[in-house]
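All remarks here apply to the structure that follows.
Chain IDs A, B, C and D follow the sequence of writing; residue 1 opens each chain.
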Amino acid sequence: MNESNVKSRKRVAIVGATGYSGAELTAIMARHAEVELVALFSSSSTARGPVTPTLPQFIAEPFSIDALIAAQPEIVFLATPNEVSAGLAPQLLDLGMRVIDLSGAFRLEEPSMYPTWYGFDHERPNLLGEAVYGLTEYCNGELKNARLVANPGCYPTSILLALRPLTFAIDREQPVICDSKSGVSGAGKKADVNFSFAELFGNFKAYSVGQHRHEPEIRQQLHLGDRAPVVFVAHLLPVHRGILSTIHIGFTHPMSEQQITDAYTRAYDHAPFVRVLPAGQLPELKNVVNTPRAEIGFQLLHGGRRAVIVSVLDNLLKGAASQAVQNFNRMCGFPETEALI
Amino acid sequence: MNESNVKSRKRVAIVGATGYSGAELTAIMARHAEVELVALFSSSSTARGPVTPTLPQFIAEPFSIDALIAAQPEIVFLATPNEVSAGLAPQLLDLGMRVIDLSGAFRLEEPSMYPTWYGFDHERPNLLGEAVYGLTEYCNGELKNARLVANPGCYPTSILLALRPLTFAIDREQPVICDSKSGVSGAGKKADVNFSFAELFGNFKAYSVGQHRHEPEIRQQLHLGDRAPVVFVAHLLPVHRGILSTIHIGFTHPMSEQQITDAYTRAYDHAPFVRVLPAGQLPELKNVVNTPRAEIGFQLLHGGRRAVIVSVLDNLLKGAASQAVQNFNRMCGFPETEALI
Amino acid sequence: MNESNVKSRKRVAIVGATGYSGAELTAIMARHAEVELVALFSSSSTARGPVTPTLPQFIAEPFSIDALIAAQPEIVFLATPNEVSAGLAPQLLDLGMRVIDLSGAFRLEEPSMYPTWYGFDHERPNLLGEAVYGLTEYCNGELKNARLVANPGCYPTSILLALRPLTFAIDREQPVICDSKSGVSGAGKKADVNFSFAELFGNFKAYSVGQHRHEPEIRQQLHLGDRAPVVFVAHLLPVHRGILSTIHIGFTHPMSEQQITDAYTRAYDHAPFVRVLPAGQLPELKNVVNTPRAEIGFQLLHGGRRAVIVSVLDNLLKGAASQAVQNFNRMCGFPETEALI
Amino acid sequence: MNESNVKSRKRVAIVGATGYSGAELTAIMARHAEVELVALFSSSSTARGPVTPTLPQFIAEPFSIDALIAAQPEIVFLATPNEVSAGLAPQLLDLGMRVIDLSGAFRLEEPSMYPTWYGFDHERPNLLGEAVYGLTEYCNGELKNARLVANPGCYPTSILLALRPLTFAIDREQPVICDSKSGVSGAGKKADVNFSFAELFGNFKAYSVGQHRHEPEIRQQLHLGDRAPVVFVAHLLPVHRGILSTIHIGFTHPMSEQQITDAYTRAYDHAPFVRVLPAGQLPELKNVVNTPRAEIGFQLLHGGRRAVIVSVLDNLLKGAASQAVQNFNRMCGFPETEALI
């Protein structure tokens, strides 16, 4: 870090720094040349302690609003549970801070969906209209002045990056099948026998079929219309990190490899963190774990009338922390890749 | 084992006993009360040695047809590569032995498919018509007198058990998506950097999309007609054993949970190795690993117009060795569960 | 199972059948030809349910002493926590039942060690003198009439089997270093973030150095005298099952490979579940996981003045359930291998 | 990277960039502010291709000495097999380049040990005397002018960092037991069935006991004298990365926790990549994986007459690539932490 520009650095705080995503976020922001990390808070712990054992030099304090205010941050990252974010973000906005929320509290546009999918009522439903859905590659000027960014869910990011460039060609009469598999860190730090090593080693299973909170988020952001039969199935993969989504779609007209490649090129030619593989080549999880990158590959089937698309990313990075930093960089006018490569 | 009935025991040989499936088969047959294991052969090794380190008491010999003949088996299991089985099975049949083949050499009914999918021409195509496809739960009297049984593939078994009871209701205009995930033992013992621990630990990927040999086998045995758009995607799961298939189907008419449950009950009420879970409950891999059992669960979606079906089994047991023993028991008139529970 | 001898079968109950060891024990005893399983209890659950998802056919009831008595067992296995066993075993003995306890409640001979190492006082210290320490290979007639068997700990079993045949040659002036590594199932079913998959995947650590309850058990049973500097270090291996102990010893006089081999042969030539490898060959974990067998290998160093001994077993089987069944078979006069091979 | 200082940047080449350590090295050096990476070579491949799939932007060329010379590097890293390094390093030195060798080719001081331990004769034995053994924390001015640095082995680094501060107190009459466990990447990229996923998943074993090449390196660098009975046992841990060494030592006089802590503090107070934990606290593997840091903890036993010391590091970083960069930084007068934090 260059000491000469300390004055001009953005003052940043992180709440929830001790969770898996929060710790990744802390590590990234600590090497950001344009940032001064003025406060790190855990969201649940009552004792101060290291953000994570791999970052013993960073200490998180138990959260208090007074301590946060005293630190005078300009931008606050919330890596907190949904309900905590829903309550805290409005307070911070009222204090004039900008907020990047990594939870699901501001991702859905329709307030009435919160009781159903998240189990709580939104006290400030108007913020749902204001919040920018931060799928960075699909944001333009709106991040520049955003007060509140809803950082996308990990599963939705993997699916939306794969499908958004192809929506023009997708047959909405046929089901869009999103068969996703995630590493266990996606569930957070848990004292739960169902997430114990002894139960998950060598195991694999689907979960929350038809009931996963990311499903309405995916539908909303796919822009395929209400009638499109989207199916989302999440699975628990016995690895620490990473999401792989296998997506099955039909087209209204047979597509060529070149047409698909062109569509992806148009979408991501200038996207530093999305890599599209040559036609017929499919990505694997290990190539993106511990990186801020998503990779996408596809295979045409049935004479181009269908495709299998495979998308991979690290759920804690492109699925959470590094995408939040992409959004932060855009909000502040910094290069999108700052601190990320 | 009861020494009194040695004379009446079936004389059985196993070729390919040192592979992963062959070793499982050896372990099962060694505890079969009605069997005398008269010969164990490896298919590739040139030295005698233990079938597997966990079974140090069983020694496999390098294969020779003379040694096999000398052992005078009545029934021979072939846990050998496709081309080895294709060449060897006819010889054994000509010698009057019965054959249970665990490879893909006799699974496809149409000889012309072998050059395309398996890379070799069948010298005895008429045997493809004679071979009984040994998905045990769907075999009746034909096993009793079968000379040659084609033991089903691991992926097809997991998919067919899940779908066959529902074919009457499946909408053949909609894609039938079979998104399957298998442990690494499915690839056999391999000196291949792509199957090395260092490359697969923490990894996950799809493979052979549109090109997997099990795909024509699934289509053939689903009996959905040529036009039904079946999609099969295999993935490599970072575990040793087990297959989980997530299957996405549409129905011609909305179905109730009771209708689905009834269909499965009709199919498997008397099947000792297929367990159907209550509606809305999905199986997990660990519950069937090291067992001869398949488990099936389903979740209705979209008002009963679609379903997600999840099917699990151990690829080396119900997907290979234990199903071969079910077939053996039926061929010989022994109880289907003998040596398996 | 042969129905004709139902009357003469031993009536057996298991308390704690839903734990990892208890479920293994249930699976073994269910196939025991001479046993009638008259009752299965969980020790903690308040609802009836399957012993384990892989054994859906066996249902455990919440424990009650009345239900246990009503079932009229002759022999009761306790796969219960230490304090539960300490309280329950005396009651059962008083009722005339025989008890095989898989906990540590009766393993230490000296009552005063219980407050220090186990955190409770023994109410019936005289039972510590009566209990037979069930390291089966070192038991003789005493099991025949035992009322109470203390089944050895998993770590002690792996270490004692390796060292007991060599105690005559071990230099007691030099440290005896037992560097042991266990799979996570050794800790039992736990809702504890430190045993969560996300924390243990790809991880490895030592734990409880100088404070592990198995340390006094090892010292007591090694019979090396109080002065011998025994060091025991346990590590948590990121696998589900299995213990590997690497043991470092010095000899009073240089030993030859033949001398070591002879000592082991004398000890285990007739032991069906202990396999000693040829000199210089070391065992690996996977060869004993899911088997009732321990394997031992050694490598002489420094001109025969020292050795490294490696011992492996499955902590849930030879380290718990299958050894308990060996003891049961000896107690009842059945063949030691019954239900185990 | 600041474009203004391109002229003054060090010109660096890497041979063996496509191996596991080489790829880590490439990633680090690519973000080094003072370095121009002028050439990347694989050591074995005959085709150009990405250094590693996670770094698709870096392309390695097949090695040729002409291409290396044409690139005009000032410093060359060799992440090549032992014999390749032994042959190549002298050529590069003769051409006036400086060499940091990550292989074992120059680690042993005594030429006669090479045929025994490495299977080849050294053609330039005088270089063994010149090479600086690059355990960075124990190097002083000698790196500044070094032409040839022998980067330490991964196991020796983990053991030497733990023991060197305590050599003054170690009882050389008692064995020094180094029980080390390494992730599979330590073996390199291998097409070998013994390193296949199917064989190593859920497995654990000791290997090369008494025959590991790192053993003479450890003895040489411990400076305990020839008579000290050092025992080194390596184990293969079923994880991708990381080494944990459990070290058992005796002291000539009873030691206090404070004395041990003081000794470590003296050694590492200013070492940016060695972290010593408070007395009685032991490190775990995951806290150093993917970091350039070693962590050390200890537990006194037997009234301070003995200790268990546990040391962890990432075998590909502090055990290879990041330590090589520490050495590079010292050789060039850059801050030791440049590109590493």
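Here, a residue touches a chain if its C-beta (ideal position, glycine included) is under 8 Å from a C-beta of that chain, and two chains touch if they have at least 3 such contacts.
If you're wondering where the values come from, they're calculated on a predicted model, not measured in any experiment.
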Practice item. Spell out the chains that contact chain B while also contacting chain C. Key: A, D
Point to revise | Chain whose mean Cα position lies farthest from chain A | key: C
Check your understanding: Which chain pair is joined by more contacting C-beta pairs, A-D or A-C?
Key -> A-C
Study note, to complete from the structure: In whole angstrom, the CA-centroid distance of chain A from chain C equals 47
Check your understanding: So what's the Cα centroid distance for chain A and chain B, whole Å?
Key -> 40
Study note, to complete from the structure: Note: chain D sits from chain A at a C-alpha centroid distance in Å of 37
Review point. Residues of chain D that touch two or more other chains: which are they?
Key: 199, 201-202, 238-240, 284, 286, 289
Review point. So in the complex, which bits of chain C are touching chain D?
Key: 174-175, 177, 179, 181, 199, 202-207, 209-210, 229, 231, 233, 235, 237-242, 244, 246, 248, 250, 282-286, 289, 299, 301-302, 305-306, 308, 310
Study note, to complete from the structure: Per the touch rule above, chain C residues touching chain A in the complex are 20, 184-185, 187, 189-193, 195-202, 238-240
**Study point:** Residues on chain B engaged by chain C in the complex (per definition of touch)
**Key:** 53-54, 56, 201-202, 275, 284, 286-291
